[in-house]
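Structure incoming, see below.
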Amino acid sequence: MSRDILETFPNPKPDRDYVIEHTAPEFTSVCPRTGQPDFATIVLTYVPDQLCLELKSLKLYYQSFRNMGIFYEDVINRMLDDFVAVVQPRWMEVRGEFNTRGGISSVVTAEYRADEEDDE
Amino acid sequence: MSRDILETFPNPKPDRDYVIEHTAPEFTSVCPRTGQPDFATIVLTYVPDQLCLELKSLKLYYQSFRNMGIFYEDVINRMLDDFVAVVQPRWMEVRGEFNTRGGISSVVTAEYRADEEDDE
Amino acid sequence: MSRDILETFPNPKPDRDYVIEHTAPEFTSVCPRTGQPDFATIVLTYVPDQLCLELKSLKLYYQSFRNMGIFYEDVINRMLDDFVAVVQPRWMEVRGEFNTRGGISSVVTAEYRADEEDDE
Amino acid sequence: MSRDILETFPNPKPDRDYVIEHTAPEFTSVCPRTGQPDFATIVLTYVPDQLCLELKSLKLYYQSFRNMGIFYEDVINRMLDDFVAVVQPRWMEVRGEFNTRGGISSVVTAEYRADEEDDE
Amino acid sequence: MSRDILETFPNPKPDRDYVIEHTAPEFTSVCPRTGQPDFATIVLTYVPDQLCLELKSLKLYYQSFRNMGIFYEDVINRMLDDFVAVVQPRWMEVRGEFNTRGGISSVVTAEYRADEEDDE
Amino acid sequence: MSRDILETFPNPKPDRDYVIEHTAPEFTSVCPRTGQPDFATIVLTYVPDQLCLELKSLKLYYQSFRNMGIFYEDVINRMLDDFVAVVQPRWMEVRGEFNTRGGISSVVTAEYRADEEDDE
Amino acid sequence: MSRDILETFPNPKPDRDYVIEHTAPEFTSVCPRTGQPDFATIVLTYVPDQLCLELKSLKLYYQSFRNMGIFYEDVINRMLDDFVAVVQPRWMEVRGEFNTRGGISSVVTAEYRADEEDDE
Amino acid sequence: MSRDILETFPNPKPDRDYVIEHTAPEFTSVCPRTGQPDFATIVLTYVPDQLCLELKSLKLYYQSFRNMGIFYEDVINRMLDDFVAVVQPRWMEVRGEFNTRGGISSVVTAEYRADEEDDE
Amino acid sequence: MSRDILETFPNPKPDRDYVIEHTAPEFTSVCPRTGQPDFATIVLTYVPDQLCLELKSLKLYYQSFRNMGIFYEDVINRMLDDFVAVVQPRWMEVRGEFNTRGGISSVVTAEYRADEEDDE
Amino acid sequence: MSRDILETFPNPKPDRDYVIEHTAPEFTSVCPRTGQPDFATIVLTYVPDQLCLELKSLKLYYQSFRNMGIFYEDVINRMLDDFVAVVQPRWMEVRGEFNTRGGISSVVTAEYRADEEDDE
């Protein structure tokens, strides 16, 4: 499973809320309906708790979608689920900016808050 | 009716509030007063509830305005009514950025909130 | 009087608050002190109530300033007074972005809220 | 025939070689294979001889392609033939910059020189 | 006559060929057909011989077109004639970049060479 | 003293809160430590009360710093003090965007609120 | 072989030299040394003789490199060989603009002229 | 220790809250894992209390990282700790915008508030 | 005399023709007619022969114009004369891009070729 | 010696003249006069003969300048000498675009042609 690719390292400053953002303009997957490749920029932003996401493993995680058939909405929600499960951040957002298809470009954005989840 | 062109698919993550944005820079209709073509970029943004808007049907819906005589304000309000009726989103906004006519460019923006409607 | 040039049409969706913005980059008037022409972009933004501003009459209204001697601050405040009197909007803003004179460019912005006025 | 839409007026300075360029970013036609609309910016550049192209008739000429099924290469070559026949310029170029289709954008450029034709 | 507005001063370095360029983005005249204002950026470039064009008189010369009804092609060719008559340059070019009208923007460019004229 | 250069005129609409912004990209002073010239863009924004700042006097005021040795932080705080003393605005902000020195560019921003001062 | 994917159609204007340019910003292949994906924009420009390149087949041709291990220089030279073999153009250029790797971005450009080949 | 490089001078206006921002696009350090150089723009923003940061010492402080092996998250958190210890500001933020590595660019942002610390 | 400020160092590669370009966006002088400051970007480009221009002395040379009353055309021609006299280059060009005055911006460009001079 | 870092591989298409360009925006060295770091973008462009430059070795070669004291003109001429000695190209150009120092940015460009050298 692609989630297993992700690695972490200890947050060097867990007593401070601070923000990390990784922007990856070379994401590509495959449209499950047409078999055509999709292209996107993925922007991951988060406030770490005890763990930070290791950058090289993030690159390999994104590459694991290269030949996977998956819709835009699934890409972003699955990524958020995977990142939250592995990093357990205080806050996180994943945004995918997908290239034009049929004259229409799309952006999908999903967000996670640790305290909201705790309330449930 | 053009609203019938729109198709939906089940929201893959209905338990999470997230945002989908579709930007279509190739919209064209006809000015009912002068008979001249109008051109616009239409930006649709929404938080899905149980349904997502299917992208190819959205393209065909926009194309159904190609030879229709309709004012800017009508374009945007009719689109919002159509999208809300078909997708029943938690929140939605439609913005039309219309090209310069007589040295003046125009932007029309309309918004829908499910909870506001519920209050009525 | 230039206010009489402005024409309106019935708002096609008066039960919804929505925003209309008209941007006119070809405004010109005359400096009353130096007699030199001034140039500006005028941005009019409003939430209509029962009436919308007709676009061609707006163009003619702006052109009526072409040979008028008037200061920046007067241009914007007079426009806001004229537009509010004719359109009776729920909210309105007029912004003038004036070209560089003596190495300094200027922006003047004035705003109207119907409910504030009602309070008085 | 769409060529008949074009009108001319006498060149006010026929004894001087000078250059006129008209850029039209709102061109649209229809793909004959897919039935989908195409969008382009058309740039017409020429050195007039005895005649200049009238601007309003040029706008109507471009609009006559709105619902015509025609390939990119045909659009540009037909336009050049039509403009040369009506304006009889000393030199002329037509360039069409077509929007992305299937992830690929296209530019087609064709040129005419009166003296080359005279040599034949 | 507007040509009389132009003033000159002696070229401080007549034994060297060098280039002077003046760009004026605030030019406006009136369309003789529709009575609507036209707007343009005028770019004047020249190699001076014995005279240079005085900048303030150039500004006043451009302003003399403010309420004149005149076509694009006439604006540029008349300007070139006026500037050449007053400045007698070694080389000169006048370019007018006119704002969009009916969805089409236009550029007109005319050039003068002293030695070409001498050959005639 | 440079403050005496500043002139005012009566606010034409004192019963309305509106915003005036003047942007001056040609500010220059001298670094008191190195004697080297500093360059900045100064942005002055304010809500007038009974007085507006006269534009030509503002230009001369900025020029009075041309050969003055003064640090960035002093420039902005002194300007705000001077403008507030002369214009007595409802609200005011002065921002200086200073060019790169030693590979580092700097922005200094100071703000004034009439009601805050009244509270003291 | 990927060359077989390419299809052509008859040039609609073979008696005129004109230029066709296709820009594809979504090209991706694999680095044969590291196994990492490479990303590029491919710009194909040519003067057709009897044949034009069909656009959809060009898209599929580019996609055939998606999981191929190949160096930059090979990508561009192989493409030029394939396109020339299938289209037999009068002139052709292929340019690949490859994304940054190790802090260095690369552009490779190769050109073909029919008459040069004829000389050999 | 690099913190000792930093110098301060008395805040010329300690009774006013105002904002100072220093942007340094020439930061470079070394990745401790790969030994490869990293490059970043560092943006330091703060509200001074009694002390301001001296600009030349800031430049030397940044240069002291040139051959240091250190991760992104450590760079930013260590800088914030150093700046807060030396300047004792009312508020401060440090943001590092790191160049692309493996197709992914990163931004790390950390913030300090004097009153929050006082509450602890 | 300001020319004396300029210093040189031996060209490290006199047997190769190569190009050096220095761009200085912080040039300022004074208009001799109005007493108002002028601002420009000065671009110096040359092919060195036996000498190169020392960069710090170039900065001081530009600063020597700060309070000098001088016209645009004189600035550029005097600079070219000074640089040629001191550096004796194989080729040199000086270009001044002057900020907008009265709505008109200006560029003055002068060029020197060693071999042309030798011919005289 | 840093030249020894450079590695090559056989040109896959030696019978065709084509162009390879590598752009490295992360170059840094040290000013021998001030000890301050310099930053530049290095653009290497060449037509290969029998050899191509290996990209990873190019990165390491650039890094070998990191703590070297060297002037702009020397950087570019030494690089060109090193690249020509190792790659023996048909044509090559090295351009360094150096960041602003003392308000002046610099570009140094040197070129090599195999046939010119052969003539000597």
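To keep things simple, chains are lettered A, B, C, D, E, F, G, H, I and J as they appear, and every chain counts its residues starting from 1.
Just so we're on the same page, contacts are C-beta pairs under 8 Å (C-beta built on N, C-alpha and C of every residue); 3 or more make two chains touch, one makes a residue touch a chain.
For clarity, every value in this text was computed on a predicted model and none was experimentally measured.
In this assembly, E is the chain whose CA centroid lies farthest from the centroid of chain A. Of all residue numbers that take part in the contact between chain D and chain E, under half occur on both sides, making this a different-residue interface.
Chain H and chain I have Cα centroids lying 38 Å from one another.
One inter-chain figure worth recording: chain F and chain G are separated by 57 Å, centre to centre, where each centre is the mean of the chain's CA atoms. Between the CA-based centres of chain B and chain F the separation comes to 45 Å, rounded to the whole angstrom.
Shared contact sites, meaning residues of chain J that touch two or more other chains, fall at 26, 36, 39, 99, 102-103. Under the contact rule stated at the top, the pairs of chains that touch are A-B, A-D, A-G, A-H, B-C, B-D, B-E, C-E, C-F, C-I, D-E, D-G, E-I, F-H, F-I, F-J, G-H, G-J, H-J, I-J.
Touching chain I in their complex are the following residues of chain J: 71-74, 76-77, 101-111.
By the touch criterion given at the top, residues 11-13, 16-26, 48, 52, 55-56, 58-59 of chain E touch chain I in their complex.
Chain E meets chain C in the complex at residues 26, 28, 36-37, 39, 63, 66-67, 99. Chain contact summary for the complex, chain B toward chain E: residues 36, 39, 99-100, 102-103.
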